[in-house]
Amino acid sequence: MIPTHWFLILGAILFTIGVCGVLTRRNGITMFMSIELMVNAVNLTFIAYARQFDQVHGIMFVFFILAIAAAEAAVGLAIFISLFHHRQTIDVDEANLMHW
Amino acid sequence: MEFVIFFFFATVAVVFALVVVLHRNPVVGALSLVATFFSLAVMYVLLEVPFMAALQIIVYAGAIMVLFLFVIMLLNLQHVVEPHTRPIQQFLGYTTTAAFGIGLVYFIAKYGVFTALPASPFRADIRTIGFRLFEAYVFPFEMVSILLLAAIVGALVLSGRAVGSRAEIGTELSKQPGSEEIR
Amino acid sequence: MPLLSTLIWLPIVAAIVLAFFPKTAHAAIRGWALFASLAVFVLSLGLLRGWEDGQAGFQFVESLTWIPQWGITYSLGIDGISLWLVMLTTFLTPIIFLAGWNTLKKHPKEYLISFLIMEAAMIGAFLATDLLLFYIFFELMLLPMYLVIGVWGGKNRIYAAVKFFLFTIAGSLLMLLAIIYFAFQAYHQTGIATFSIVELYGVQLLPTAQLLVFFAFTLAFAIKVPLFPLHTWLPDAHVEAPTGGSMILAGVMLKMGTYGFLRFVLPFFPEASARWAGLMITLAVIGIIYGALVAWVQPDMKKLVAYSSVSHLGFCVLGIFALNQTSIEGSILQMVNHGISTGALFLLVGVVYERRHTRLLADYGGIGRTMPVFTTLFVISVLSSVGLPGINGFVGEFLILAGTFKTSPIAAVLAATGVILAAIYLLWLVQKVFFGPITNEENRNIPDIAWNELAAMVPLVVFMVWIGVHPNTFLKKMEPSVRHLIATMNTQRGEVMVAEKSDETKRDEAEPAADHSRPLNSEPNRPLSAASIIDPGTGRSPGGSLPLVVPAGSRPPASSLHEGVAR
Amino acid sequence: MLNLLWLIPIIPFAGFLLNGLFGKRSGKGFVTAVATLASLAPAILGSIATFQYNARYPNGERHLNVVYEWFSSGGIGADIAFQLDPLSIVMLLVVTWVGFLIHVYSIGYMHSDEGYWRYFAYLNLFLAAMLILVLGSSYLFMFVGWEGVGLCSYLLIGFYYRTDYAPAAGKKAFIVNRIGDFGFLIAMFLMFAYIGSVDYAKVSQVASAGGLSTGIVTAICLLLFLGAAGKSAQIPLYVWLPDAMAGPTPVSALIHAATMVTAGVYMVVRSNVLYRLSPDAMMVVAIVGALTALFAATIGLRQFDIKKVLAYSTVSQLGFMFIAVGVGAFSAGVFHLVTHAFFKACLFLGAGSVIHAMSGEQDIRKMGGLKTKIPHTYRTFAIATYAIAGLPFAAGFFSKDELLAAAWVTPYFPGVGKFVWLLGTLAAFCTAFYMYRLVYLTFHGEFRGTDEQAHHLHESPASMTGPLWVLAIASIFGGLLSLPHGLWHGPSLATFLSSVVPEVSGVHRVIPITLKTELLIALVSTLIAVAGWLIARNLYRDKALQSDAAFEKRSPGIARALENKWYVDEFYAASVVRPLEGTANFFWKFVDAVIDGTAAMLGFIVRGFGDVMRFFQTGNVRNYALMLFLGVIVFIVFLV
Amino acid sequence: MTLQPLLEPGWVNAILPEIILSLGGMLLILLDVFFPRAKGTLAPLTLVIFIAAAWAENLFVRGGIFFGGTYEVSALTMLFDLTFLLAGMLATLFAREYLEREGIEDGGFYGLLLWGTVGMMMMAKGLDLLIIVLGLEILSVCIFVLVGFHRRMPVSNEASLKYFLMGAFSTGFILYGIALFYGATASTNIRTMGQWFATNQATPLLTVAFVLLMAGLGFKLALAPFHPWAPDVYQGAPTPVAGWLSVAPKAATLIVLVRLFDAMNPILPQVSWMSMVAALAILSMIIGNAVAIVQRDLKRMLAYSGIAHVGYMTIAILTIRADSVAAVAVYAITYALMNIGAFGVISLLMKNQNDPHTLDDIAGLGFRRKFYGFALAICMFSLAGLPPTAGFISKFFIFKTAIESGHTMIALVGILTSIVSVYYYLRVVYYLYMKEPADGYAVETVGGVFATGALMISIVGILIIGMYPSPLFQAAGNAARVFLQQ
């Protein structure tokens, strides 16, 4: 039987990697993928805890997180599309009309 | 046995996650993300939640990532090579995340450890989940519908073609503070 | 009819009505505003009719619960300290409207609305007997003034307006914090949440807390007065403000500061006030001399008068912190005097500015030839500002100085030099502007003062003479309240005095006639309760609580310990 | 009448109001009528009051007429109350009658001036204020009149306001007086603080009861004397009086010779009880008086403006009066005050008549030989000169000798008394000299003016010569008011005043003057005066201006110094005015700037901070993410 | 086998407003799809729905806990619901003419507005972090779309991009924080967590969780240093949306924080979590006001001022007491009135087919468009916290509670910074009344009955609350007391 905190550590690592991606990538879609990575890390953490506590609640939480992720994906990608319409790129660093 | 599986797929997950973050081509990124998701599904199996594993595959790998790939193809970005980011951002990103990760792992290893192993078997099968879903969680479940509806409407609204030709207006930006100011 | 509320709300109602006038009907607009302000003045005369002489506490008390959660009430009251300031306000406003009758061209409606609201706010501030209510009026009057300076002012008006507003708001916001803190501490001690001034009079803060709150209040009021190091906003504001603005600013708004000292700082923080009276007196004296000297070298008439205000208000603060009957009565009277004579001066400067569009002394000279009536009025105002006996300025200054001399002779002597300097700079002004040969051709034919300006000036002159010839009319009404104020301070300081005796005696040696150690007023120490400030007429305490009976001996005996140490 | 005392000042005040408000429109006749009546009425009423007073108070108690309480607060205040006692009566009569005469004179003198109505309005106002001053029953109420006359002198000196110098002179007068009033104010504060009242009776009662420490008394006396010095033009505050000659000549006669300037003396006499408690203060008074007398006289030696000469002689004569009150011969001081009022008024009016004749010329170098042209003026002027020079049996002779004698034998500070006497006598010599110099240069020799001046020369109208004669006669017989006690034991000014001030010599004498010493002193000063006269005579009668020129050749330095009044004005300007101006400018230009600077600095710092912070707002979303993440890390580091 | 949905009696009444709003949103969209002509009816209909919801709120909603202890309805939540509804109504009123002018009126807009309100209501009422997160996401999704609603404008799209990326990012943090809390407390139900906090020790891991959670919520609140998205998003978003966005979500997030801190109360003595909140508050007040000074773009300026205002509100919740909660509630309502009003006036400005929003654009407006100028001035005075406006009284309330909780120094910082704020708010008044527009550059305003009505609402509201606040205080106070005692 695998100790729960191994899963937690894995989750932490994935979360960190996701953050790193958000911070270092210019490609909007890649950034969003990194965010999905973070969310999955959260899922893993939740399920690990749920398993530890023998609770279904954590599972349900993940269930809803899936829905949230899906919704965000839909809207987010729509935003990227219209961004692309506007400036033929999804490099978020290009999007700096507004500053200061 | 399961230790082997765990470590193997943990490595896979981390490696492909790194690929997602590091590789310059979004397509590769997307595909390796799928790989990560798969290995996570395996983790769920190890955690005795096969239903979530299935959901992981179906929803994430199946739906969301396909959506990603679809968009990438639609905007045909597969050949676009992403330019380098500014070095400071790069540097700070890596260092801070490294620090954060190490700290996090350290804290979990130090304070997040559960001595007692979980009681098995874990009864989180589809039936249970289904019942809970429609008994205790009925309200949030219904509300998810609103969430998804909003998302759909939003997607429609946002990706709809811009009518009229006022694309140039937005570029008129607010003036920066001029010389003339009251002291 | 609740008289005090009417005084406050009538101008506001008038202003609202005015807002619906067609913007082109100038005559109607002016007429309405003048009518409204006159109505307010007439109503305020009712105060004198219903006045109970010898009554120390608040009269015409009104009280409505307003924010019961915090014990904040809409409670108004008037006593001898605020009476004449209210009268001054209601008296000056119509005069201002009259004076500006013809000269006001740009957006007259908004201008008059601002003034009516300002009048209401100032009356309210003088009448409020609840800290928060006072604060609200205290800040409410800033907005119209900001607009008046900023919209109708001179070239550099924005700078002046913003400076005025920021200086004042900085002080008053800190005071707000202090108010909250004070009320909170009071709540801790008494267990009743209240902002009512009368009930807070009974509260005695711990020395440290008292010190902090004292300084916060003092800062706010000192900026308003303005006291010496914080005065720099005043000249700019005055120079840029339109005539009416300068009049109301100098005439009434500055008095908010001195009034605040009397109404709040002294009775709330008697200990700290007595302890730091030295500092305040020093600043006041510096202000007197500083203002006078700087006024002397001003090339601009309005600036000159503005700096003279710094000097004169210095006298008021001096009188207040000399902490005795005479000086405080004197400084209240001096507030009124300054309102009248400086108001008159600003009015007249405005008159000549309207005709020549310059305020530089250098551009004038010899216009006494061309506008004799104007010159006469100006000289009279100058004399009342110089403090010529027989006109108003003298009595106030004399009482202040004589009173101060009892407690701190050095300060009195130094301040008295201000009287000399006043003669220097004001006569310099008169000589430069009115006498000598006409050097500038444009001064050959300036039309003399117009009917409305004359009509505005005459009442002012009348009051200059009245106050000068029979000041008792005014002094007698404020006397009981002032006595009661001092009695309050002493009763509250009573307990701490024993501890202080030692260093107090040292101070006594320094100043023969001064002794803060003994009560400034030989009233038997009695604990101050809300009951001692009851208005027997209504039988209700201003706080609006249950009917209470006036305890015997709540009326202080008339003899003052300082009447002749040598007796 | 005694209870209508307040009428006496009110009437001229009413005259002032009438003339001030309506005088301009309604013609000269109206103005003249109002003004003359307004000055005659108080004179008559005053005289009536005097008779009634003598009838009712044979022993000279004070009669008090309280009108109402002016103000009072915390034990500080005063009544509007008039009082009548011998001293007030003397002043009252002098002021009203001389005032009346000068009103009459002015009718002629000012008839062609466009400011006629203004002039008379001011003159009436002055009369009112002066009457309040002399009739007031407390220092505070006296102060009203005190400042009132100051105001009037300001207005009247600046009467020709279209010139440059007149308003300046008026301002100077007012401000210098203010400096004196400063002392007066502080003195009153002291009285309030230590006596609790400023009522004359109360003060003298407390003082004579010994309720005051000597230090306080001395302080009060010196401060009062500062006030007196300001009003009566003593060192160091005399500088305004010579400039005050910018006003119309009758004004100089009334205000700056006969009445107002003597107010200081009046006040000191008023407070004689206090003074007598502090010999130091008296000594200061006496010495200052003596120095002023001599100093002014020396300046008078070499002035060429007829009015300036008279002005300095006034200063010097006031010095004499202060010698008198200083050495304790208060009645003598009053006596000299009265006689001086007569002859100095006469002199000024004469000078006015001369100037009138010379159509505005004031420089005696342009005059000469006028005695045939304007005989009345000449005679009266000569008589007055005789009187002021202290030549035998004229008014000045008795008064001056009495006070010099008193100085010689004063018990308060004997040694110094002699010295004071010496100075006084020297001053007397100078007086005789410059007065006769003036007479000779003006009236003798041959005319030195231009031709059309000569053509216009004419005697003044009766309205002017009349008062001249009255005053001339008064200045001859004025001496009889108070003959030395040795010669005359009947009632005299001294005995009349004895209820207010101790007699100099008499039944209960304070100053032991024997007849012998008095005659001796008289002899000395007579010789001195005669000497002065004779020297002046042979210097100026025939070789009019040469002698001045010769003197200038002989010792140019002194000459220039004298012409420039010992450079006192310049000294004041350099030592007081300019430094003050410098400080003022420093305050304005520097201190204010610093204060504003600090405020602005705060604002600037905030802005600067904002400007720095805004550049973290790069518009690059990943930087925002980085900021968020950095925030997280920092907080973790700090909280864990 | 039968399902027994866990539905307490009266649940319909409890969530009636949510139901009304959700269905109303769908109705609007369908209406717009099937009758594209009838765009004019959309806004009025939206208003009707809002009012119906408010009506339902008042009539039918009874306090209680529903859905297995995951959903609490109380007087306080009603108060906040009303705040959201008010904000929504004002936004709708301003949006009407704005959208018509820009030619982008669409049922989707109103629908999303309604659904966003639903999301906020869930945040306000959720007792379980699951509900709260769900509501937060519904809200976020709606905001993503509304911000980007002006499709033709690159700025609008960019704003929505920024908000989306940051939002998703911060959601990640929130979720991870929740996960860690779950790991500690074995529950996501706030009450249960509260019991755990009452009995157990805090671990550093928990602190990390708290920081992550605060970071996420702080992002929603635009607390410094999590604020930088706010100015860009407000500037780019359609102005009425910006107004709504600057108020409603913050209020919702604040009440979530109130719940959390109340639950954490027992454990706070062990840990220094509140010092982080205090630091956030102070930073927000300082940075917000300081940077607002140097802004010339009104929307950006208001964004920064909003950061500062959230800072003020945060002062109050440093210590959870009945008074402080009431203060937050009052401040939220006031802020809704004045800030949406201010944004609304800006949304009326129009210059050759473009909507300008810099200071120079409103030069001299006060005398050209008296009512709009007056309204903006009132809003500015209220934002500056000058009596007799509501801004003053509510700020007074905040500082009062702060001092009574012993946070005098922080209150002092608040006072000093609001001195700074007075400067830039008055600068707006200065441009309104004391400055003439540059020659030929006169901005015209497009506004009709809707906008006017909205402005009337906010002005009257501001003045009434400012002059006679005690009913509101009474309500808020009681609500807070009820809310906290159980």
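Which chain is which? They are A, B, C, D and E, in the order written, and residues in each are numbered from 1.
As a working rule, contacts are C-beta pairs under 8 Å (C-beta built on N, C-alpha and C of every residue); 3 or more make two chains touch, one makes a residue touch a chain.
Keep in mind that what you see is a predicted model, and the values were worked out from it rather than measured.
Each step here moves to a touching chain, and the least such steps from chain A to chain C number 2. Among the chain pairings, A-B comes first (most C-beta pairs in contact).
Every chain gets a centre from its CA atoms, and the centre nearest the mean of all protein CA atoms is that of C.
Spacing of chain A relative to chain B, judged by their CA centroids, is 2 angstrom. If you average the Cα atoms of chain B and of chain E, the two centres end up 28 Å apart.
One simple way to say how far apart two chains are is to compare their mean CA positions; for chain D and chain E this gives 80 Å.
Centre to centre, using the average C-alpha position, chain C and chain D are separated by 38 Å. Of all residues in chain D, those touching 2 or more other chains are 603, 614, 617, 619, 621-623, 625-626, 629-630, 632, 636, 640, listed in ascending order. Touching of two or more other chains is recorded for residues 85, 89, 92-93, 96-97, 100, 103-104, 107-108, 112, 137, 140, 144, 147, 150-151, 154, 156, 158, 162, 167, 170-171, 173, 176, 182-183 of chain B. Residue positions of chain C touching 2 or more other chains: 158, 162, 166.
Chain E makes touch with chain C in their complex at residues 367, 381, 386-388, 392, 396, 399-400, 403-404, 408, 411-412, 415, 418-419, 422-423, 426, 429-430, 433-434, 468-470, 473-474, 477. Contact residues on chain B toward chain D in their complex (touch as defined above): 85, 89, 92-93, 96-97, 99-100, 103, 107, 183.
Chain D contributes residues 600, 603, 622-623, 626, 629-630, 632-633, 636, 640 to its touches with chain B in the complex.
Residues 19, 22-24, 26, 31, 92-93, 95-100 of chain A are the ones that touch chain D when the two sit in their complex. Contacts from chain E toward chain A in the complex involve residues 130, 133-134, 137, 140-141, 144-145, 148, 151, 154-155, 157-162, 164-165, 168-169, 171-172, 175-176, 178-180, 182-183, 186-188, 231-232, 235-236.
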